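Each of the next two complexes has chain A plus one other chain: chain B in the first, chain C in the second.
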Partner chain A sequence: MLKADIKLDAKGLACPMPIVKTKKAMADLVDGEILEVQATDKGSKADLAAWARNIGHQYIGTIEENEILYHYIRKCSNDINVEKIFEYTISNEEITERPGVILDVREEVEYAFGHIEGAISIPFGELDARLKELDMDNEIYVICRTGKRSNMAAQKLANAGFDKVYNVLPGMTAWTGELTKNI
Partner chain B sequence: MTVNTCTAADVARKVIEKKELFILDVRNSDAFEDWKIEGQKFEYLNIPYFELLDGVEEILPKIPTDKDVLIVCAKEGSSIMIAEMLSDEGLDVCYLVGGMKSWSMYLEPIKVGELPNCGEIYQFVRLGKGCLSYMVVTDGEAALIDAVRFTEVFTNFAHEKGVEIKHVFDTHLHADHISGGRTIATATGAKYYLPKADATEVVFEYTELADGLTVKLGSSKIDVGALYSPGHTIGSTSLVVDGQYLFTGDILFIDSIGRPDLAGLAEDWVGDLRETLYRRYRDLAEDLIVHPSHFMNIDELNEDGTVAKRLGDLFVENHGLNIEEEDEFRTLVTENLPPQPNAYQEIRRVNMGKITPDNEAQTEMEIGPNRCAVR
Partner chain C sequence: MSNKVAIIASNGSLFDAYKVFNIATAAAASEKEVTIFFTFEGLNLIHKQAMQALSMPEGKEFMAEGFAKANVPTIPQLVEMAQELGVKFIGCQMTMDVMGLKIVDFVEGIEVGGAVTFLEFAKDASPTLTF
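What follows is the complex of A and B.
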């Protein structure tokens, strides 16, 4: 199973309960955390995706295993203040032509549902602990979904002494190339 | 205020009697746009239930208080929740028992024709899906045409009428809905007929519905004759009852014609479709009353809720029968095709007897509108 911060068991419940419970559970999550909703109601997939879109949360995807649907949603609020803009940026298109490494700082689940082939996955929250996995000699293109987490990650790397770091814009939402999946 | 219930049968009466109804459909927008309860005087508001979890105050001004209000969802759970919320605000509303699922399954039997010696023809209108099935009833015996999968509706009806089902016809291998024909035939000992050309992959015994075949029904010996009319499928065969009624299956509808692509062979079958509609049918008596196995649009219903029209009138009014140029006809039926029906390939496999999903799975497969026609 994929990694989630909170798991919600909505198995055996009929519509509208999976959504009602999801809404309640979401209140306990911190921004950026992942909720896994386990459900057996087939209609829950379309409804959860539409509900999340409506509220502004990120519906990441659904896996079906043994008749159980596992939905992944990432809590988002739209008022994240970007305090400081990292000055070195690079476009989605440019990174495919450059020799450096792509660092994907989205959550593991988001990465699993689709990433650029060869991208290294280190979720933003784990970056401090895993800095030594990165090679300072490489150019590093930091990517996330919309450029916000990668902006913060790029600053963190720069503060840690990495001097060839770029924030990739606009990020995975606008990625039109091939996607690799781990599900 | 109390929350009232409304059954699919109640809604069917409103459709047929062209009553007014305000429908608050709380399914998600994609589902609503794809398929909803159609009525000539119905008004709609689509707001997904999950947008109303915090309250219904915002939509109160949009809900009329001077007409019946029906809350609809997929199965009924969400509509009950929303109906209760509206009721708490003082509104008098009802919800559809069983939701769109029950609407999809509801059959309304309506008498559409008479035969010598008190014989009758009944049309079973599946309003939610646009399927039409028929029972020809004579003294003591009955024949079924294109019966849908709610087999007890037909067997119970035959029982009420005091007739024995002797012949069960499928005009073709259906792709949009699951046939009840074989099940009924097995349960009643009736003969089950299917065109051989459509039956190449079926895994059960059947009687060939061949061109020119005639069966006699009841002691009045009502003729039920088969006329090969390919084009929707390669085997599609029409039935003529008592020289008065033409059952066209999915070849010719009231305001559209059959599509040739659901078995994957649009290019090959378009010529057959043309041949059937522009030559074979032209040789028939114009006074035959056409009874198709589908309707697409609520406007195709007659005043009394039936779907039937004189063949001669269709030659004049149906656009699909009035395309002079073969090339133009070919373009219409191969390039303007609507999306294919939900799960149509699986449904074909069920009708071949290759898979036997449970009732729940069959319901899922049949969700959504039928899409057997091109206009």
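What follows is the complex of A and C.
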């Protein structure tokens, strides 16, 4: 199973219960955390995707195993806090032609549902603890979904002494190339 | 975009109750402001006794088994959930008078009003649904 911060058991429940339970469970998550909703209602796939889109949360995807649907949703709030902008940026297109490594700082689940082939996965929250997995000699292209988490991650890396770091814009949301999946 | 969903419940069978409360709870869970106006037979859906045993439409009694198997919540459960999610219930005063019903005959927390009370809420609602 994929990593989630909170798991919600909505198995055996009919519409509209999976949605009602999901709404309630979301209140216990903080921004950026992942909710896994386990359901057997076949309609819940389309419903949860539409629900998340309406509210502004990120519907990541669904996997089906033994007739149980596992839905993954990442909580997003509407506050647009523009912090300090990391000055070195690079476009989605450019990174495919450069020799450095792509660092994907989205959550493990988001990475599993589609990433750029060869990208290293270190979720933003684990970056501090896993800096030594990165090679300072390489150019590092930091990517997330929309450029917000990667902006913070790039600053973190720069502060830790990495001097060939770039924030990739606009990020995976506009990625048109091939996607590799781990599901 | 309007954040309001307005529903008119004017029929009183079990099917009508599911249509009304499923849409209402789903909308409320999607952070919509929901008001239901109960009128004529629709008042059954929030009547303390009537809501416990709403009838199936004639000839559809065989579906009772399907309801049990699909594990759908009961109507009193859906009513409670709807209220918990902030769905507002308005009972139609005129129908209540005609039927000799009082506010105490209904679940707690309803408001009583006339058509204009509902229209005031529904004037900028999208969608407005009638069951």
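Everything below uses one rule, namely that the second predicted complex is superposed on the first by the 182 of 183 C-alpha atoms of A that agree within 3 Å, B and C clash if a C-alpha of one lies under 4 Å from a C-alpha of the other, contacts with A are read in each partner's own complex, and residues count from 1 in each chain.
The rule we apply is simple: contacts are C-beta pairs under 8 Å (C-beta built on N, C-alpha and C of every residue); 3 or more make two chains touch, one makes a residue touch a chain.
These numbers come from a predicted model, not from an experiment.
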item: Room on chain A for both chain B and chain C (clash or fit); value: clash
item: Chain B versus chain C as contact partner of A:46, first or second or both or neither; value: first
item: Touching partner for A:54 - first (chain B), second (chain C), both, neither; value: both
item: Contacts of A:23 with chain B and chain C, given as first, second, both or neither; value: both
item: Partner chain in contact with A:125 - chain B first, chain C second, else both or neither; value: neither
item: Partner chain in contact with A:12 - chain B first, chain C second, else both or neither; value: second
item: Contact residues common to both interfaces of chain A (with chain B and with chain C); value: 14-17, 19-20, 23, 47, 51, 54
item: Touching residues (chain side chain A, partner chain C) in the complex; value: 12-17, 19-20, 22-23, 47, 51, 54-55
item: Interfacial residue positions of chain B with respect to chain A in the complex; value: 28-31, 48-51, 53, 73-75, 77-78, 81, 364
item: Chain C residues within the chain A interface of the complex; value: 22, 25-26, 29-31, 70-73, 81, 85
item: Chain B-touching residues of chain A, taken from the complex the two chains share; value: 14-17, 19-20, 23, 42-43, 46-47, 50-51, 54
